[in-house]
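What follows is chain A paired twice: with chain B in the first complex and chain C in the second.
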Partner chain A sequence: MKLLKYTIYRLLQAIPVLIGISVITFLLANLGPGDPVSLMLQGQEHTEAQVRAIEQRYGLDKPLHERYVTYMAGLLQGDFGRSIHYRRPVADLMLERIGPTLLLVLSAYAFALVTAIPLGIIAANKRNEPTDHVSRIVALFGVSTPSFWIGIVLILIFAVKLGWFPSSGLVYPWRSPDSVRGISSYPELYYETLRHLLLPMIALGTLQMATIMRVERTQMIESLQGEYVKLARAYGVPERTILRKHAFNVAQLPIITIVGLNLSTAIGGAVLVETVFNINGMGRLFVDAIAQNDYQLVMGITMMLGFLFVMGVIITDISYAYVDPRVTYGESD
Partner chain B sequence: MSSEPLLRVENLKTQFFTEAGTVRAVDGISFEVREGEIVGLVGESGAGKSVASMSLLRLVEDPGEIVAGEITYKGETIFGLEEGPNGELRERDDVLSNEEIRTRIRGNEIAVIFQDPMESLNPVFTVGGQLREFIELNRGLGEDEAKAEAIDMLREVGIPDPEQRYEEYPHQFSGGMRQRVLIAMALACEPSLIIADEPTTALDVTVEGQILDLVDELQAKYGTSFIWVTHDLGVVAEICDRVNVMYLGEIVEQAAVDDLFYDTKHPYTDALLDSMPRPDRTVDDLEPIEGVMPEAIDPPSGCRFHPRCPHAREVCKRVHPEPKIVAGDGEPHRAACVKHDAFDVGYDESPPLEDRGPTPSGEDSADTDSESGLAPNPTADDGGERRE
Partner chain C sequence: MAVGESQIESGSESVAEDDDVEARVGWRYTVAQVKRDTTARWGLYIVSFVLFVAVYALIDSNLSRLTFGHVSNYRFAQLLPIFDHPTHIPPPGEGRAHVPPYFPLAEQSWNPLPAGGTLEHPLGTDRAGRDYFTRIVYGTQVSVFVGLISAFIGLLGGTLIGATAGYYGGRIDDVLMRAVETVYSIPPLILIIVFTVFVGGANIWYAVLGVGITFVPVFARIIRSRVLSIREMDYIEAARAAGVRDRNIILRHVIPNSFAPVLVYATLQIGVTILIVAGLSFLGYGAQPPTPDWGAMLRTAHGYMHSNVWLSIWPGIAIMITIMGFNLFGDGLQDALDPRIND
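And then the complex of A and B:
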């Protein structure tokens, strides 16, 4: 009950943050260089009256604050405006593109967590032994290498040289198998998805893996030195139970924070990885929109990413409160 | 006294192999614990009390290791060495394996209460869950029985509403309440011996009193033996039957509690008693021990207390005293101080130490020691085994 109240409280807190994001996004998009009207005319011959007409049609003749209110009213109804370049609703474009991006980011996290947590635990348990040193080098490599470079190297080795995995594109698991060429059944479809996803997932996930692994190691070392671990040992608890339960549970709390807060870097990395692997996700849409000065689309995507990030932080907070009994719910009891 | 003691420790040595050198944290101590008694292990911090008590469970943390001695508990060997065919020391065959120590000794035979109740409980599990886990493990009970037992035990140690408190987390308990939980944990496993490692040091004095009363009461009821590790002679006087005073890894005095307080035989114990605040004396009357305890990595030659000892004479620098019986008609009263006749190394003829400064410390004296070029000292070498 307390947790539900806390959840609602945190969600309400997100509202002013989102309003702030929208104001800044709107101002930046409107104050930035480039003029949407001339973009629409694309160098065609035009009269002053035509420009007026376009401005009037899109409401560009109105003052900034009025336009903001109109924009926000649209947003609340799910209307993000129309893309100037694609001449389609921004919401539709984003809906098409968010799937691949979420798939990529989530699988990168899955890869990072599945590899980093066991590796971090092993490194902590075998502290200052060869495995620990190897993990340290891997982590150093992981945090200091840009994801796009890892992507290119992976393509070179596994796609070009060895030919094991495709170098570009993505097969969407939510499509029906018939819509994809050369595929007839669902198992085949999922297999293809996995094959396509593997390299970009590793490219994007390596940074997260390295970060999480180091934190996991530090936390496990600290936790293993805790008095409660000493107590468990003194009461004859087997060493693997201590590792898996007594020390492990305490050590996982900061991992949740890392995952939540690194969401923004992961999405930022996705932009580059999508470009390298030629995946039609939000990231590429975003890059194209900026290049084409498609300010409705830029605003829409910025709002969407801002929203995702804020939700990530809130989910982090809530899961923290759920996992760690010591967290108080912002009220004195 | 004629019956075999519950626990017997002979010449136990535990050392830490650090980069700076070998730290002789516990350096040849012998003592025993009999059934139903509370034995004190007293000394300043760094004297090796905690390492000694953890050695009994073979829970010495890296880079520490038990290197010599024998520990027997109820006729079983927790630690023991023998000479191998090539003269090397090896573990004896009758020494319990790591698995046996874990399943048969830790928790169900010898339980521990740690110093810091705030840190000793795992913050992410309920108090009841932790209690239940240890009971299940050490008494082979099922989940429901263990839970019932845990709640009974919480009630026994004076925690109100045990059914409700069972479900709560450690942070919802006060320090005193958490220490009660730790006591419940120890007792619930029904051990024959409980090692209490400074269990009241982190508590308020009023809470400390309550906990001591509780332990006294429960000890009488269950007949459990205790090793009470503390630096507080006040606590010792209150609950211990017999006392071992430790200084720099060695036991310097060993006696029944009354003998220790009324017929003190070692200057270090004297000094500890003098430095204890008492209602009949003002702070000005306190006589704190001069200097600080030297490092166990490079202990002073001869008697390790001589640099701080008001009775030290030249002979104290040379002769390393092992505890000997110096008094006591029922209970032997042992002390490791050459001023007693039992030693007969010429203390009375030996000149008093003159080369000490106004505030002697371990290091200063060690320096002057080597400068003055006194008789070569067999006990002062660094790495090698000391002559017994």
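And then the complex of A and C:
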């Protein structure tokens, strides 16, 4: 019951932030020196009447605050407006493109967690030994290397030179196998998806891996020094069990928070990685929308990504509260 | 951290412990720690090297000939225009005579040296015949200054907002922190691109400002939490009782006393800044092509990825080394200032 209360509290807390995001996005898109009408006409010859017509059609003749209210009213009904470039509803475009991005980001996280947690534990356990130094150096490279460059290098080595993996595109596992050329069954489809996903996943996941590993290492070191570990040792509990049960469980809590907070870096990274690997996700859609000055689409995507991040943080906060009984649900303090 | 611990153990009286705390946050203590810490030392070496290269590129006009294909007389006074290109485009008939020949690498794309590898062009030349090594050297300038400036903008904005919010508390605190949280909730790269393109029009200065703005929230949070603890200190109370105005209390007492952890964070943030700006330039919204910026060079090289591999490799290595330097230095500083993590 308390948890439900906390969930509702966190969701309510998100409302002003979401409104704030919409205000910032709306102002940036509408106050800039670029005038939407001239962007739409893109240097074509036009008459005054045409300009008026466009302004009226998109409601641009109204004052800013009225336009904002109209936009928000639409937003609440799931109407993100129409893309100027694609001449389609923004919501439809985003729905089409969000799948690949989610697939990419989630698999990058999976890669990061699966590699970072064992590495962090080993590093903490073998502190100041060669293994520790190696994993710390790996983490240092991870936080210092741009994801898109990792992508480029991976393409150069594994796609161009060795030819093991495709260098671009993504096969969507939710499509039917017949829609993809040269594939007839589901196992083949999933195999192709994996082959396409592997390089971008590593490119995007490396930074996450490095940050998670660093936190895991510090947390494990701290938790291995805890009183309960000393007590367990005194009782003669084997070191392996201590590592696996006593120290491990406590050390995982901050990881949850890191995963949530890093979501914003991951989304930014997805924009770059999608560009390098030619994946038609939200990131590419955003880059194209910016290039086309499609301000309705840009607003929609920015709102959507902000929303995703806020939700991600809330979900991690709630799962943190669920896992850790010590969390006070922000009431007592 | 043997020093710190033994000090704590020896200082059994509370007075001695207070002295110890004082000693731990002082600059002299920090410098001593940095000297002892291998990580920090190596970070410092790399950062110094990168800074040296950046400054060297400013004053060596021969480099500019190789980089831009013509001589332009860079002086420190001309620091500002370096990010933008118009000044580098030579008037017709001038300067182009110096353009070095293009060394085609297409036949040996995995060979870093141009055909008949020369000492004059250790990393070969790009498609326009410009020496790649000098362009990388020039790129240091752009990255380092962009990184420093935007981290500074974030630091400045964050300090002002965080200090104000923390000091006044109440409603002002609520409003400011909600605003900060909102900015924080838009993924930085997205916010920066929207800001740069819609407000500035793909100009590196707007990109720098945009990056700075996205860093305001983190700095504001750190400063605020520091200020919250400092606000309750006796000397602030004393200043208030003496009738010092709020603004002066914040500027003279609160901010200086909460600065150390923020400075460490700023060092770490410079690396992130360089990372983001490289990404921006790679997408085409940071430095524009004639400017020898690493991200922009990678963007150009991306088009020739299959014919010349190395054009895509060198700028990335340069980015990596630079960021690594700042990260190592920042990590070392953090260890030096936060004895908890150490042995």
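Before moving on, here are some points about what is shown:
We adopt the following convention: the second predicted complex is superposed on the first by the 331 of 333 C-alpha atoms of A that agree within 3 Å, B and C clash if a C-alpha of one lies under 4 Å from a C-alpha of the other, contacts with A are read in each partner's own complex, and residues count from 1 in each chain.
To be clear about the criterion, contacts are C-beta pairs under 8 Å (C-beta built on N, C-alpha and C of every residue); 3 or more make two chains touch, one makes a residue touch a chain.
This one's a predicted model, so the numbers in the text were calculated from it and none came from an experiment.
On the superposed chain A, the two partners chain B and chain C both fit, without a clash. Of the two partner chains, chain C is the only one that A:264 touches; chain B does not reach it. The partner of chain A that touches more of its residues, comparing chain B with chain C, is C. Looking at the shared chain after the overlay, A:234 reaches chain B, while chain C stays out of its contact range.
When both complexes are overlaid on chain A, the residue A:226 reaches chain B alone and has no touch with chain C.
With both structures placed on the common chain, the touch criterion links A:98 to neither chain B nor chain C.
In the superposed pair of complexes, A:54 makes contact with neither chain B nor chain C. In the superposed model, A:249 lies in contact with chain B only, and not with chain C. Legend: residue contacts after superposition of the two complexes on their common chain; A:323 is shown touching chain B, with no touch to chain C.
No C-alpha atom of chain B lies closer than 9 Å to any C-alpha atom of chain C in the overlay. Those residues of chain A whose C-beta lies close enough to touch chain C in the complex are 16-17, 20-21, 23-25, 28-29, 31-34, 140-141, 143-149, 152-153, 155-156, 160-161, 218, 263-265, 267-269, 271-272, 275-276, 286-287, 290, 293, 295, 298, 301-302, 305-306, 309-310, 313. Chain B makes touch with chain A in their complex at residues 57, 59, 102-103, 105-108, 111-112, 114, 116, 119-126, 133-134, 137-138, 169, 171, 182, 185, 189. Residues 110, 178-179, 181-191, 193-195, 197-199, 201, 271, 275-276, 278-279, 282-283, 285, 295, 298, 302, 305-306, 309, 312-313, 315-316, 319-320, 323-324, 327-328, 341 of chain C touch chain A in their complex. Chain contact summary for the complex, chain A toward chain B: residues 226-228, 230-238, 246, 249-250, 253, 323-326.
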